[in-house]
Amino acid sequence: MDSIIRVTLWSEDRHDAAVMKLYPKGLHGTIAEGIESLGGFQTRIATLDEPHQGLTDEILDATDVLVWWGHQAHDEVSDALVNNIQQRVLSGMGLIALHSSHFSKIFRRLMGTNCSLRWREIGERERIWNVAPDHEITQGIGEYIEIPHSEMYGERFDIPEPDRLIFISWYQGGDVFRSGCTWQRGNGRVFYFSPGHETFPIYQNKQIIRVIANAVRWAKPRIRVGTEDCPNVTSSLEKVT
Amino acid sequence: MDSIIRVTLWSEDRHDAAVMKLYPKGLHGTIAEGIESLGGFQTRIATLDEPHQGLTDEILDATDVLVWWGHQAHDEVSDALVNNIQQRVLSGMGLIALHSSHFSKIFRRLMGTNCSLRWREIGERERIWNVAPDHEITQGIGEYIEIPHSEMYGERFDIPEPDRLIFISWYQGGDVFRSGCTWQRGNGRVFYFSPGHETFPIYQNKQIIRVIANAVRWAKPRIRVGTEDCPNVTSSLEKVT
Amino acid sequence: MDSIIRVTLWSEDRHDAAVMKLYPKGLHGTIAEGIESLGGFQTRIATLDEPHQGLTDEILDATDVLVWWGHQAHDEVSDALVNNIQQRVLSGMGLIALHSSHFSKIFRRLMGTNCSLRWREIGERERIWNVAPDHEITQGIGEYIEIPHSEMYGERFDIPEPDRLIFISWYQGGDVFRSGCTWQRGNGRVFYFSPGHETFPIYQNKQIIRVIANAVRWAKPRIRVGTEDCPNVTSSLEKVT
Amino acid sequence: MDSIIRVTLWSEDRHDAAVMKLYPKGLHGTIAEGIESLGGFQTRIATLDEPHQGLTDEILDATDVLVWWGHQAHDEVSDALVNNIQQRVLSGMGLIALHSSHFSKIFRRLMGTNCSLRWREIGERERIWNVAPDHEITQGIGEYIEIPHSEMYGERFDIPEPDRLIFISWYQGGDVFRSGCTWQRGNGRVFYFSPGHETFPIYQNKQIIRVIANAVRWAKPRIRVGTEDCPNVTSSLEKVT
């Protein structure tokens, strides 16, 4: 229960100068530092332009929870890698999809829907309401998190009804969004969390980092099993006459 | 509300002699006749070996609910067709997946999981318990349906938690199965129903046909919309300062 | 399917002069007229100060869907009546709880939770976002409903996770709310809808009336059954050795 | 996270001679010993015929998870105590309802339904299938638990759709049952587990005890909060013009 959780942070890492000024270590570097500072995590960075798009079988074998940040290059992620990650999640690995990763291949694959939403980028205020104060993911967060300048992600968000709705966001411009949602898929847990943006310093917000750390703890595997492929059980447990 | 529902029954239609003896019109033909006899449906047959694997855009445009029966040839269904059907479901078309279609590409795509199960084929008795007597799908069915000889499909069934669990099956050999389940995906409704087999006369059972007919009525579209692709809404509804 | 739906609108009917000026026929009278104008409904009014608090067995027997509006006098409703209504819902009768009825005895009884929320009454703007465009309840509504002056009902709303979340409200003052939610209880359907207030003309809004009418159609019984009391089934379906 | 969990086992403790022969320490004593042997729990026994029906405020204040076993005397539990326990659960305390406690006042209160089921007592075989192998409650359990002689509890079970369905039971006599189910209520977690009977030695089965111990760990509070009573928040977070 209390062993170190092995977290792999995957990122496109195609940041331009504006992003690098705000996040000199990249978004993934900032998140990694943030959650490590809370204790109990061992982080690793993986990026799109590395060999095997950053995720070999060895790395995935050593990953308890995968945190995903994709934005412009969703289509470049290979279908073979998406298949591999999907199978890992179904086998028990946790997945945290951040912000624009709602439109990543792996998140859409696990949801079965398009995961479309409406968006607007005018730097408006966002208030992330905690609607599940009992949940592991919201511990230490309080009633809401306020983000002074945010990208708006608005309903209707095309997702299956979440198992638990954790956060609902209010936007100054008049929109709302289911900004934190959980789902079970196979033996794995999935959390989507919309706050986070490449040119607003949202991942430097300590409450945002706490949510991600909490979510990683919540999503760590309880079991890891192999893929089942419709086994034929020839003999019955009870006598059939 | 009361207009005729346009149902397309898709089948592999690779039946061997044993199947054809039992179902001279094919499984799909038997189901089509069965539900038409209950009134309110206009059915059409589509099969794998037809041009476009049976499902052109014109046919899909004219389909309210698609009933799917695949078995041995899941892999032969083209990914392009699977993508097309998925988008239709998300847009509002209903989908009923029967029996071995739990392992079809389209059902697995919509679920996001492997949909593996355990199975055994010794002709044992199955009793399908109705656990949702209020639901549209169980109207006229009573407490249970008994199938004298059935293929066993057993837990654990690798599916996302259903929105509603409709039927649980008991098997003589000692197993249980979530044999009727509903899910929402996008604007479309999905129902999986496990009873049905190519060499037991299960689709000649009037209660089984009634369940399928009820499910088609339940799954018919309330709306049909186009695919959304993350629209950018540039102006806000409220003034942002 | 197409028979007239018998709707009973229950109200405290303890309106003061300000309310009566806005709603000369009472809130319930306005709602009754509104939904009747859409066709397919036969309405009846029942109020707290009538004999039997407005709801005899005869009236409940002749009610397909009960619409509830309580506010200041929740505690005056007798426990015997609450028990009776609960059993009717479990037997198949629909229940629509409006606005301040979140704190009614019957709604709390069916939820099992306190149904507390935060509130504020400064006449701010509310925008009710439709997050379930496929659902029967949102047909004809569009993306959102705007209410110029509303009472704020805000999270956290202490309810069990809804079966479907239908509406999320945005408030000018910075809050959000799960303003439309469905639950199944026994054989009956329950819908909570928060918009509606005694001194803002919200029930004169045609979209609000359409939501209530849609919800009544959705909540009408598919079956009406007696109360089950743990029947002992002495003989088994299968031989036990 | 790793502190000792304080468990109160409440029981009617109206066992007759047959029960006392099988369970010399009472059902509750056997369960208490069983889970204590697994480590991490501090147990306390409370019974109906003690002052305050066994549960004073002091005891409830010192209870993380309450395990409930009632059978013949459900009606004797005072409504005041039921109200008190309900508020504790909504505030964060866990509740495990065992076997015939499906018909206890507190379980029915939290569900909002009648919780009726069908039953038969002929000592038939029960096989409890694990349909949620990833869940905390099923760790160490394997595919199923077999009970040689059991009381049959059968569908339809009148409960709200569980948040997670954990176990489905198969019975030799031909029935099935949702025998392990979880629900969230307020800030508290609820688990119902049907196996267990006063004259079959089911609570001496190590797997059954493991399930109960796992469930207690799962249900321990993450937060404990006071009861909210619809607070009026007079000032808004955003300026309302």
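By letter and in written order, the chains are A, B, C and D; residue numbering begins at 1 in each of them.
Here is the rule we use: contacts are C-beta pairs under 8 Å (C-beta built on N, C-alpha and C of every residue); 3 or more make two chains touch, one makes a residue touch a chain.
Model, not experiment: these values are computed from the prediction.
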item: From chain C, the most remote chain by mean C-alpha position; value: A
item: Of B-C and A-B, pair with higher C-beta contact tally; value: A-B
item: Chain centre separation (chain A, chain C; CA means) in Å; value: 36
item: Centroid spacing, where centroids are CA-atom means, of chain B and chain C in whole angstrom; value: 33
item: Overlap residues in chain C, where contacts from two or more other chains coincide; value: 125, 127, 133, 154, 161, 163-164, 171-172, 174-175, 184, 186, 237-238
item: List of chain A residues in touch with chain B within their complex; value: 86-87, 90, 103, 109-114, 116-125, 152, 154, 158, 160-161, 163, 171-175, 183-186, 227-238, 240
item: Contact set on chain D toward chain B in their complex; value: 127, 129-131, 133, 143, 154-157, 161, 163-165, 168-171, 174-176, 178
item: Residues on chain A engaged by chain D in the complex (per definition of touch); value: 1-2, 92, 125, 127, 133-136, 139, 163-164, 172, 184, 186-189, 222-223, 225, 237-238
